[in-house]
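Worksheet: one structure, shown below.
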Amino acid sequence: MLQDMKRYLEVVANIMQENKDTLIEMDQIVGDGDLGLTMSDGFRAAYLAVKDTDEQDLGKLVYAGGKAMASAVPSTMGTLMASGLMQAGKDLRNQNELTNENWVQFFDSFEAGVINRGKANVGEKTFIDGIDPAVQVLKENIELPLAQLASKASKAARQGYEQTATMIAKHGRAATRGEASRDLLDPGAYVAVLLFEAFEISVKG
Amino acid sequence: MLQDMKRYLEVVANIMQENKDTLIEMDQIVGDGDLGLTMSDGFRAAYLAVKDTDEQDLGKLVYAGGKAMASAVPSTMGTLMASGLMQAGKDLRNQNELTNENWVQFFDSFEAGVINRGKANVGEKTFIDGIDPAVQVLKENIELPLAQLASKASKAARQGYEQTATMIAKHGRAATRGEASRDLLDPGAYVAVLLFEAFEISVKG
Amino acid sequence: MKKIINNPENYLKEMLEGIYIAHQDQVTCVNDDLQCYVTKNKTPGKVGISTGGGSGHLPLFLGYVGDGMLDGCAVGDVFQSPSAEQMFEITKDIDQGAGVLYIYGNYNGDIFNFDMATEMADFEENIQVTTVLGADDVASAGPSAPGEKSTRRGVAGIFFVYKCAGAAAAKMYDLETVTRIAQKAADNVRTMGVALSACVVPRVGKAGFSIEENEMEIGMGIHGETGIRRGQLESADQITEEMMQQILADLPYVEGDEVAVLVNGLGATPLDEQYIVTRKIDAILKEKGIKAYRYYVGEYATALEMSGVSISLLKVDEELKPLIDYPVNTPFFKQM
Amino acid sequence: MKKIINNPENYLKEMLEGIYIAHQDQVTCVNDDLQCYVTKNKTPGKVGISTGGGSGHLPLFLGYVGDGMLDGCAVGDVFQSPSAEQMFEITKDIDQGAGVLYIYGNYNGDIFNFDMATEMADFEENIQVTTVLGADDVASAGPSAPGEKSTRRGVAGIFFVYKCAGAAAAKMYDLETVTRIAQKAADNVRTMGVALSACVVPRVGKAGFSIEENEMEIGMGIHGETGIRRGQLESADQITEEMMQQILADLPYVEGDEVAVLVNGLGATPLDEQYIVTRKIDAILKEKGIKAYRYYVGEYATALEMSGVSISLLKVDEELKPLIDYPVNTPFFKQM
């Protein structure tokens, strides 16, 4: 049911809205403080672009959400998240159900899209360090009931996020802090945590 | 003795220096707060210009002090005080003693110089309201011993100054406040008070 | 006091040294007195125009010395008049044989000193000098009765007086005509400002007044003089509406008029906000049927690091329009 | 937050409307999208130059669109990149048949979007696009190893890249040459700044950081990014000395070099202080035997109402000098 993807994007939009101030504060420590605004506006735009569509192709639906997000919030994370959605959309072309396989594909492609645009590797204190462990867990546990799968992935994302407090930033504004960036948690990785918390909530029913 | 005029200008310079902050604060209420700086710098410049001169003409000596003040502090009150000194200098040309008559002439001409440049009348809440009553007292009591004369004039200047709290400002920045200026004491009139306090001190010996 | 300065006593001297270094191709000083600022470009037979006033308002006043505008500027210490002797030295330097016009703001200190300088120029050098005062601040006093001297302060609107007079002089009009045109511009310009924060005179070291975080003062002068209303900070549109109402009613500017508009930042207010104000001005003018002939937006007359803006309207006619359009090239202001 | 604005959500739209109103003779937008800002003046066969970036830095970036400089600018929201689609729309509009050069600051968001736009221009329209990044902030990172991408932020020094590339395009050089010259300017410019106070993004409503009353931060970025040293506020001469030391050592600039100098105010710092800094720069250059070819002083790249200044040096040679001297006429910057 494509309804599930719409519902997921709605929960994401809401959770970003709820965490707006947290993201602003986290980003103010390392960057310019815009992350709360871009994530809540951007995922809201993605959701609004698909909310009322009759589109039956899962891929096209997700791609449309990504394009809307790209235009709405062309910031670093905005463009990266848009690139993630657009890549997922391309790879889910011609699908019209949300099987476990397609959910795993969604997050796997999302990560690939972000890496393609941003060229960051695991361990460089970015969003990738939040999403990558979760995607591994999804792939390894694809046979589990969806709610369990989501909750396992969500835990992995949070652990990945917590690991960022041991890394040196190599990308974006935080990178200019060098060694001084080490003790800080990465706000982009926290966005990955929120994406999987939303996944957990949306599949719980 | 021209020494007496040098001494007077020295006491004036010192008293303006001591009252610098008071004048700044008073002027900040009605104007721009520069009065403390201009009066202490200006009368200092006047004193320094005459301090070591061999000039024996009282008028030329006072005039030189006025010109120095005009160049040093060309603010409203700076230029007015300079105009006062310069007029006094013109009118004391060829004198070389400080008799009671010459002291009275000094302050009378000083007032005339200020009025000529600034065109203010008595009762318009300016320096004139401080100096004018004192000059009247000087003229009426010219036969008194100098110390007594100075102390009487000083009291009159202070009374005149206190009267400014009942007047509406017609000149300068304070004038733009209209009726709202009424309850305030005029800082320029306070400068007149200081000029006569300095007179009292300097003739006391 | 949060300033990038050295000893406050050297503020003026060091600032002027910086200016002469950066713009040595265009300006110089008279008799090694840094405060006597003049253009290097003289034109025999041209009316000389001089201004003067306290520092702390850059690009006012000296910034308008250059081709198509002024010939000299006597530079005072922060918020203080320059001296009569300095004005006189400049007058001698810039007299190009056709007399000199003084254009400056309506402040006691400046008047007293320019009056002294006029006497000196007459007596000592026989140079003909005329005077036009900038007295455009609608907030500072009511309009003066006919024949009476204005008690209004001069603020940013003096830019338009310089602009028109400067172009008239560049076109080689005579002293009488240049003076008449300057007076016409002065008579047809009105300004109103709003301040959001105070400024600090370097030698004083602390602000002479304060404005609360949620407050503004409509009509505050560029030295922090009291305005007409202190109140809660309002929206850009509301503030603009209030200022425009007062300006438009004063001349008054009426339907069918054409105006040149100056939106001026007081120092700390970003250009962004000045353009938000511009947008609203344009809407108000359209509504009233007044045509905006040209917009100038930016910092033209500041008050150190004060935040706020002012709006000036100059009513233009067929005589003033080509003067407004005339090119200018000074180190601080250029028009092509 | 003390700003003259309306609803913060409308900040960008209203600011841009004000700009288009005031400068309608020179600039317009593409497809009714206010954020796609282009010059009205096209020259067939000329290389098109586009820039883009977040707002909050006026006159950067859009202020350099006009004769002798840039052809277009994609305008992002405050401190945010514009979108790839907007860049692409501008690219199509300003391509005058000789290809398009993108010059913008070294920020992730901008890079990601300009990269997307480059792909679109290639695939969809077959327009040849080249890119030169401004990465002049010495304080933001060490120099990059040969062949490695710079991790330095782009700040005010990009003005010189625009200036040289803009003049080269106006002289009708081809895309390869204009790109080479832009890269040469980018390679030869270094900047360092100091901040004395914070700034507030309108939609955020409070400062993202604070600087104590007696403090300064050397090397702070124009979005408030951490600099290299926070410390007690020092004198103008000391601050200038420290910044110049770091700049001069970096390229390095050596005896016999000629440099163009940009002294830039960050928004709230009066011009007076910028000239006090200029004076000290000149003394240091003289001492080192480096010749100041030309000074630019004023607000060229701001950070909303931040107070502070930056210094940029461009090493010039016989190829760059006439490009620096080339006239410019944009609504925000003019050179004669």
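The first chain written gets the first letter, and so on, giving A, B, C and D; residue counts start at 1 in each chain.
In this section, contacts are C-beta pairs under 8 Å (C-beta built on N, C-alpha and C of every residue); 3 or more make two chains touch, one makes a residue touch a chain.
Nothing here was measured: the structure is a model prediction, and the numbers come from that model.
Enquirer: Which chains contact both subunit B and subunit C?
Expert: Touching subunit B and subunit C alike: no chains returned.
Enquirer: Let me have the rounded angstrom distance from the C-alpha centre of subunit A over to the C-alpha centre of subunit B, please.
Expert: Going by mean C-alpha positions, subunit A sits 77 Å from subunit B.
Enquirer: Would you kindly tell me how far, in whole Å, the mean C-alpha position of subunit D lies from that of subunit A?
Expert: A distance of 32 Å separates the two centres.
Enquirer: When the centre of a chain is set as the mean of its C-alpha atoms, what distance in Å lies between subunit C and subunit D?
Expert: For subunit C versus subunit D, the centre distance works out to 30 Å.
Enquirer: How many angstrom lie between the centres of subunit B and subunit D, each centre taken as the mean Cα position?
Expert: Roughly 55 Å, centre to centre.
Enquirer: List, in ascending order, every residue of subunit A touching at least 2 other chains.
Expert: Residues of subunit A touching two or more partner chains: there are none.
Enquirer: So that we know how the chains sit together, what is the shape of their touch graph: line, ring, star, complete or other?
Expert: Shape of the chain contacts: a line, open at both ends.
Enquirer: Please give all chain pairs that are in touch with each other.
Expert: Taking the chains two at a time, the touching pairs are A-D, B-C, C-D.
Enquirer: Contact residues on subunit C for subunit B in the complex?
Expert: Per the stated touch rule, the residues are 76, 79-86, 107-109, 112-113, 115-116, 140-141, 151, 153, 201, 203-204, 208-209, 221, 223-226.
Enquirer: Can you name the residues of subunit D that touch subunit C in the complex?
Expert: Residues 2-7, 11, 14-19, 21-23, 55-56, 58-59, 194, 196-197, 213, 233, 235-237, 239, 263, 267-279, 282, 292, 295, 297-299, 302, 304-305, 307-309, 329, 332, 334-336 of subunit D touch subunit C in their complex.
Enquirer: Along subunit A, where are the residues that touch subunit D in the complex?
Expert: 24, 28, 31-34, 37-38, 70-71, 73-76, 78-80, 83, 117-118, 171-173, 175-178, 180
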